[in-house]
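Quick one: the structure is below, questions incoming.
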Amino acid sequence: MIELCGVSLRGPVLNGSGTFDAIAARRAFGDALLERFPFDAFVSKTITVEPRQGNPPPRLWETAGGLINSIGLPNKGLRGFIDSDLPQLAELPVPLIVSVMGFSGDELAALVAAVGERDEVSMLELNVSCPNVETGLVMGAEPAETARVVEQVRPLSAKPLIVKLTPNATEPAAVAVAAQDAGADAVSLVNTVKGMAIHPETGEPWLGGRTGGVSGAAIRAVALEQVAAVAARVEIAVIGMGGIASGRHAADFIAAGASAVAIGTESFRDPAAGLRVATELAELSLTRAPRSPASTTV
Amino acid sequence: MSEPRTLAPPERRVAQVSGVERLGAYDLITAVDPTGPTEPCPGQFYMLAADDAWGGGEDERPYLPRAFSYARARVEPDGVALSFLLEAIGPGTERLALLAPDEGLALVGPLGVGFRPAVDGTRPLLVGGGIGVAPLLCWHEELPDAAVLLGFRGASHAQAAALFAGEPQVVTDDGSVGRQALVTELLAAELDADPAVTVYACGPPAMLEAVRALCAERDVPAQLAMESGMACGFGACFGCVVPTRDGYVRLCVDGPVLDSSVLETAA
Amino acid sequence: MIELCGVSLRGPVLNGSGTFDAIAARRAFGDALLERFPFDAFVSKTITVEPRQGNPPPRLWETAGGLINSIGLPNKGLRGFIDSDLPQLAELPVPLIVSVMGFSGDELAALVAAVGERDEVSMLELNVSCPNVETGLVMGAEPAETARVVEQVRPLSAKPLIVKLTPNATEPAAVAVAAQDAGADAVSLVNTVKGMAIHPETGEPWLGGRTGGVSGAAIRAVALEQVAAVAARVEIAVIGMGGIASGRHAADFIAAGASAVAIGTESFRDPAAGLRVATELAELSLTRAPRSPASTTV
Amino acid sequence: MSEPRTLAPPERRVAQVSGVERLGAYDLITAVDPTGPTEPCPGQFYMLAADDAWGGGEDERPYLPRAFSYARARVEPDGVALSFLLEAIGPGTERLALLAPDEGLALVGPLGVGFRPAVDGTRPLLVGGGIGVAPLLCWHEELPDAAVLLGFRGASHAQAAALFAGEPQVVTDDGSVGRQALVTELLAAELDADPAVTVYACGPPAMLEAVRALCAERDVPAQLAMESGMACGFGACFGCVVPTRDGYVRLCVDGPVLDSSVLETAA
């Protein structure tokens, strides 16, 4: 068991928001998914106040050891999420973290207030880092912007608040410090790294959304550096992610100062990646002692 | 809701390649899946990757697994022998085409929803173009009396027709096998002769659009096994959407077989 | 032939600074290197005023489709460069671009003045983007800082001035605009992306310099996005680089707005990569028309 | 300056694997280089990569080529047959160990500077540890009378000793072949008996440091074939430096064979 922001988790392996749809996965895998649920806490796909269709296809491009996505945050909107998704997510065997994103401080506030009062929800994650929607960059790339929104939403819920950082910033550690000082309980990083692909035949952007975000093994070293830089500057918990695909990768992020880790793209290669990483990490922990006090056993 | 969907184990597992057969332009890869379900539904697919050296091809790819309809499933003493028909068109399919017996084939599946039964009072009609014949093979095993119409680029591709039992009608773009015609011309003739059919089609986008239009004109029900770029295959990434009358749907969980009536028209 | 900042080049394929040592390569390959020289202009490794030993080893770590380096700009210093390297570089069959970096505006000025007056030198590249040396981040990540140093050195040489941008900035396009407005003749990007690796046994940073910069295929999509964003905002020439390994990659950067491209890490895999890219690009150009006016034939 | 350095063609080329031989813990891979120089200098190395599927192993590696001393070079009708002795310890060497005859082996080389002639009035003495025996093989062919001292972990590794002509002295860490001893113990005994030698050594860092110290104590000249992580192999990346009395030197252009007198002491 570990404790993350006061919430007990059976282990330190989460999913990255938007990289595992537990409801769809249950259609594909049935209840076996719940019996062997791959994560120690489940992070929902980011929701917004209004429903969104997302970006036009194509939405994916494979790179060397990575994936560019330009999904565009399709979701049912706040009401649809609460009415139809939340009851199903409540059936998962692990605590639920809901990721929210607003196009203004007020929208974020509405989301935090509405989601934060639900008993099914253990924590909230503020996505201020999505590179696909313009506001993401503005809010999450500047310390002052981040501080402003976190201060605005902090009083609206007693639940732990995680701020998800974008890697597309000159100094993510400064943004993390701003989030901490404004009352965040944890930061998670990295979101996807801005990227682009050109259509092999036309020379035009391949992705329907023109640009997208790179994830997977290709960004692991970049993520690790940012996690280390952030962890060196903040006291709050750091949730590390970016290309983690093995227990050793998870151990590397923990050595860099993360208290927990999240699996994103690797789940696309193996839906049980979370479980595998947790098992490998547990084996490694016997040999390599964790250095981060936040990750100690309770 | 009794969808034709066999559940998959929630994890990647490794099957052992037992056979590799070259069929003109295609390869038929068979691997024994030790622990997966024995009865996938025709039209379902698997996400495949070579267990070793999945990478280092063109542009340092592949990295993600690739989607393949299963073409055949046979229960054997040590598992289900799954066969996939594949066309090497890029780094992922090229690596798979290099698989040798006893190598590991990593897979997740069966995934998606397969072909639904024919509408009451209609006879099934299978229409395949190119590599799109793959899912029709196992579907034809369940519907041995169904007529099969196949179109290929030329003789090398048309060798895949030999995989079908009975006498499929074959046409080619270059006339090297059968008539020089599009498979949709065969379909139009069949529909004109007897429109009381349920059409099952798989093939390139332009062919599927033509099938959709032909069937829509005549109010003939059609089920199309479609393709789109996929990263995960189980609804996780939201990458594989296609536009429908109800908005974007994820082809990997709501398809790959879609009822043609839900599709938007090309225009 | 193409023209880059008024200098005629036999083609658009350069090397990335610090990724090809023509002098050492000549020791390994002999004069065959000159007969089949892989680049259309040669960019020197970055030099500083004082000699530098560089970072302690290990200096390299391989990632998925990429390389992290923490070389630390070893070089003979301005005097050593002019006395011993320049005469040898002058023997190369292509124009010479000298990359310079200073730890202050004054150091940069000294370098630009001294190198800029040499006839052997066709252009200068200001490295304000090296992630291994602290000043790099400060100068190249902020538009105002960049403007300040470019304004300071611009009057000191009539030679074309290329400003090399770092990808580790919130908005590289804003830095590019600042460089252009301060008098730069071109921008080149990207330099390496900050990254880190953990020693598998100790859990400590692997690299002697603790962090390093990621290059190679892993960063291509990221570089392409930044090149497109920069090219959309500036009028001056853009030299694109980051993971280019084939003519199609080069064509992608040109489609994104680059006038020329540079090969870095791919030369490590094949010393003739520059030639191969040029040949493939020429073949492709017959089918895919260049869209950037700056890259037109002279 | 007549360095033992055969120039390399300035490009990557593809040799064809002609032989793959398992030698206990090691693999001996032979490939025919169609256009490279026929006479590399012992101690020089090549940068190698599998021409296909160089990637997709552990951590999605390898990506860069790997450095290998050549162990043998034989002129054949269609090129030079180059042999490399390799130990699979990570994704790069594992992929190379999977090479099968007729596959392509991409290479750049020969690179670096090889072993220099023995100092006048001394006899050559070859000292190898583990996989470090590789460059000593071709050097021994030029110095057939030189004594050879080899150390291995155990019997499986010691099979590589059979590649040497004559009677090399072999010791192992576990005593399974020869005495249970370190090869440096053999060296110390030889030096005590007759210090008029030039030592040529290749092996793990701790062994090389012990060789250096033993020779330094006795003023015996020693040439050490060293290793360090390399990205390019031809001086481009500045990544492979080792500390010497003259500062950092790039092992790929100034080595891999260094005169032990230039090395800094471990302390």
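The chains carry the letters A, B, C and D, assigned in the order they are written, with residues numbered from 1 in each.
Methods note: contacts are C-beta pairs under 8 Å (C-beta built on N, C-alpha and C of every residue); 3 or more make two chains touch, one makes a residue touch a chain.
A quick note: this is a predicted structure, and the numbers were derived from the prediction, not measured.
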Partner chains shared by chain C and chain D (touch criterion as defined above): A, B
More contacts between chains, A-B or A-D: A-B
CA centroid of chain A to CA centroid of chain D, Å: 47
Chain B and chain D: spacing of chain centres that average the CA atoms, whole Å: 52
Chain A-chain C separation of Cα centroids, rounded to whole Å: 34
Chain B: positions in contact with at least two other chains: 55, 59-60, 62-63
Junction residues of chain C - those touching two or more other chains: 63-66, 216-217
Contact graph of the chains (line, ring, star, complete, other): complete
Of chain C, residues touching chain A in the complex: 61, 63-66, 68, 137, 141-142, 168-170, 193-198, 200, 203-205, 211, 214, 216-222, 224-226, 228, 243, 248, 251-252, 255-256, 288, 291
Residues of chain D touching chain C in the complex: 5, 7-12, 49, 55, 59-65, 108, 111-112, 228-243, 247-248, 250, 253
Of chain A, residues touching chain D in the complex: 65, 217, 245-246
Complex contact set, residues of chain D against chain B: 50, 52-57, 60, 62-63, 95, 98
Residue numbers on chain B that touch chain C, as the complex places them: 59-60
